[in-house]
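Below you'll find the structures, each written out as structure tokens.
Presented sequentially are two complexes of chain A, the first with chain B as partner and the second with chain C.
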Partner chain A sequence: MSFYGVELKSRLLLGTSRYPSPAILAEAIKASAAEVVTVSLRRESGSDRAGQSFWSLVRALGVRVLPNTAGCHSVKEAVTTAHMARELFDTKWIKLEVIGESDTLQPDVFGLVEAARILSEDGFEVFPYTTEDLVVADRLVEAGCRVLMPWGAPIGSARGLNNVYGLKSLRAHFPGIPLVVDAGLGVPSHAAAAMELGYDAVLLNTAVAEAGDPVAMARAFALAVEAGRTAYLAQPLEPRDMAAPSTPVIGKAALGD
Partner chain B sequence: MLAPWCERATTDAAVAVKGALALDWWAGHFPGTVRQGTLVVAQPRDAADLTRFAGRTDHFDWADADRIAALEPDLAGRFRRGLFFAGEGHLEPRRALAALVERLAEHGVPVRFGVDLLPEAAPGDLVVDCRGLAARDALPDLRGVRGEMVVVRCRDVALARPVRMLHPRIPLYIVPRGDGLFMIGATMIESEQRGPVSVRSAVELLNAAYALHPAFGEAEIIELGADLRPAFPDNLPQVRREGRVVHANGLFRHGFLLAPDLARQVADAISMETNDADFPERRRA
Partner chain C sequence: MRIFLNDDAHDVEPGTLAAALEALGYGGRKIATAVNGRFVAAPARPATALTDGDRVEVVAPMQGG
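Let's look at the complex of A and B:
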């Protein structure tokens, strides 16, 4: 799997917020074998790089950092945050979030496309957090995005894949674009389900960070992602309406009078 | 707040064990310690969080609407379910500190404020360094975690105990301070910015109070406070010895809860030193 030319072995990406402590975060990352972690700049920043101590801890994990624009509600905010991220983390990668609705944190897809275009033209490699809407996805690709990150369900809701049909459809329409289910996953089986649909990877935070044992849960998600991917490659059966008995029924010995 | 069992929801088990001992310590040393428990509630939309909180903690009873009304009459009819941690307590930190200073003075211990002094320059055979984040020169793995709080005055609501309102982003609590004062805290942001409270944080904190009881909408804002909590990477406090300096630090957001245990660790470190000096053969052994 490759994002913007960077080859990765792990198909699990993790967020870094809400862990009980940075030490547990570090252990969870290790247990997950994730190679990419997202870091929020919006809250941890401030004009004087006030999040430096925490970012240093994240950098020390030795994984690739995907900075995000979490908490940005406008194109201008998101673009400014992306520039700050490029400078701080020395990376062209940016996970672009433009929030349209404060309660559900649903993406503002109009602002998202606009910000994606501005940032792509400016040399960024954009990972847009979007819905499963095909037309929006098309516009994002047109704007320069070479990775798409549709939601499974609203952030932190732990509901899993809300619209399997929409996600399947997106996969079918963009066979050549890496697709990452981002947000809304609650348990490892949700991650496995996303991978079984042929998604390239999953990104999650709360499900691991707020688990009773984040380290064990990180490992569980890693196993589920591997299982789901292996199952996808093994070409699983399609569901059917009627039973298909694996042994013939004709000719069976029948007991009667 | 002295809430060892509520804290278990998001922290190491050691915090609950050591924090539970702090309840008796504070009650024995500060008469203003109140042991009326903690009530935990959630908005209907966050009901799942209440179940999850219950799953992570112990020493509580489920409280139905009647029990909530009996505990906090002003919250009658506002919440159908909650958790009551009867053994927990709370105190007013500034009054508690002032009481400790008074107590030290009674024992003939001088306390000087506003002295600019590094531990290595301090006189004496032993120096206990409790400078918090200012000790980063000696403790490089210490970091600051920003916390913000609001104090409001509201005459129309009375609470007998701290109320935690489960919130998706903030470990949020409202603590009655008497005389109509309430402390609403506290954000937890991985930032070392010491500046004033942000509008976003203030809105989230005040919104929570308003959601707990609409009368808070008419409350007066008395204080908006922001500062940094000193924390090690595991968010647990430590005592470290370097020559004649004993560093006690990293209390994170559990200053009052874990201070008695940390002080005991410091005392142990010092008494061991004293004993070793008195009995040099023990050191050789």
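Let's look at the complex of A and C:
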């Protein structure tokens, strides 16, 4: 699997927020075997060193970072934040979020397409956090996106895949574009389900960070992602309406009256 | 001269963004900056003059999902 020409072995991308401690964050990243972690940027005062120590921790883990524009509600905010992130993290990658609605954190897909175009033309490699809408996805690809990240469910909701049909349609329409289910996953079976649909990867944060044991949950998600991917490649059986005996009937002993 | 850095008022000597950041404890730090909503790249800070009332944003790496 590759994102913008970067080959990756792990199909699990992990967020770095909401962990009980920096040490548990580091252990969870290791347990997940994730090669890409999402990061953000926030105001820092002259006396506060939290950002500097967080950056040291991430660098020590040797993972690639995918900065986000979380919390941005306008194209201008998102584009400026992306520029700050590119300089701060020294990467062209940007997880582009333009939030349109506060209760669901649903992407503002109109602003998203506009910001994606501006940033792609400026040399960014955009990972848009979007919905499963096919037409929006088309516009994002036209705008220059070579990865799409539809939501499974609202961020942090742990609801899993809200629209399996929509996600399947997206997969079918974009066979050559890496697709990542981003957000809304709650348990490893949700991740496995996304992978069984043929998605290239999943991105999650809260489901691991706020689990009772984040390190064990990171490992569980890694196993589920691998299981789901292996199952997809093994071509799963299609559901059917009626029973089909798994044990052969031919040759069965005639023991009835 | 009064500037607003991350919304907090600071009185600084008239000068550049780089000088103001140094004076306010950001020297050598991993940060990114914007002035009045416009990104200012690190190499441009020494040549970016601040004026009274400017709004400066200073951000650093942080956890994100």
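Everything below uses one rule, namely that the second predicted complex is superposed on the first by the 237 of 257 C-alpha atoms of A that agree within 3 Å, B and C clash if a C-alpha of one lies under 4 Å from a C-alpha of the other, contacts with A are read in each partner's own complex, and residues count from 1 in each chain.
Just so we're on the same page, a contact is a pair of C-beta atoms (placed from the backbone, for glycine too) under 8 Å apart; a residue touches a chain by one contact, two chains touch by 3 or more.
This is a predicted model, so every value here is computed, not measured.
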{"item": "Partner chain(s) touched by A:23 [first = chain B, second = chain C, both, neither]", "value": "first"}
{"item": "Touching partner for A:50 - first (chain B), second (chain C), both, neither", "value": "both"}
{"item": "Touching partner for A:70 - first (chain B), second (chain C), both, neither", "value": "second"}
{"item": "Partner chain in contact with A:83 - chain B first, chain C second, else both or neither", "value": "second"}
{"item": "Touched partner set for A:38, first chain B, second chain C, both or neither", "value": "second"}
{"item": "Which superposed partner A:212 touches (first chain B, second chain C, both, neither)", "value": "first"}
{"item": "Chain A residues touched by each partner, larger count belonging to chain B or chain C", "value": "C"}
{"item": "Which superposed partner A:15 touches (first chain B, second chain C, both, neither)", "value": "second"}
{"item": "Common ground on chain A, meaning residues reached by chain C in one complex and by chain B in the other", "value": "17, 43-46, 50-52, 54, 156"}
{"item": "Chain A - residues contacting chain C, complex", "value": "15-19, 25, 38-47, 50-52, 54-55, 58, 67-68, 70, 76, 80, 83-85, 87-89, 155-156, 183, 205-206"}
{"item": "Residue ranges of chain A in contact with chain B within the complex", "value": "17, 20-24, 26, 43-46, 48, 50-54, 57, 156, 212"}
{"item": "Touching residues (chain side chain C, partner chain A) in the complex", "value": "6, 8, 24-26, 29-34, 37-39, 41-42, 57-65"}
{"item": "Of all residues in chain B, those that touch chain A in their complex", "value": "10-12, 55-56, 143-144, 146, 168, 189-193, 195, 231, 233-236"}
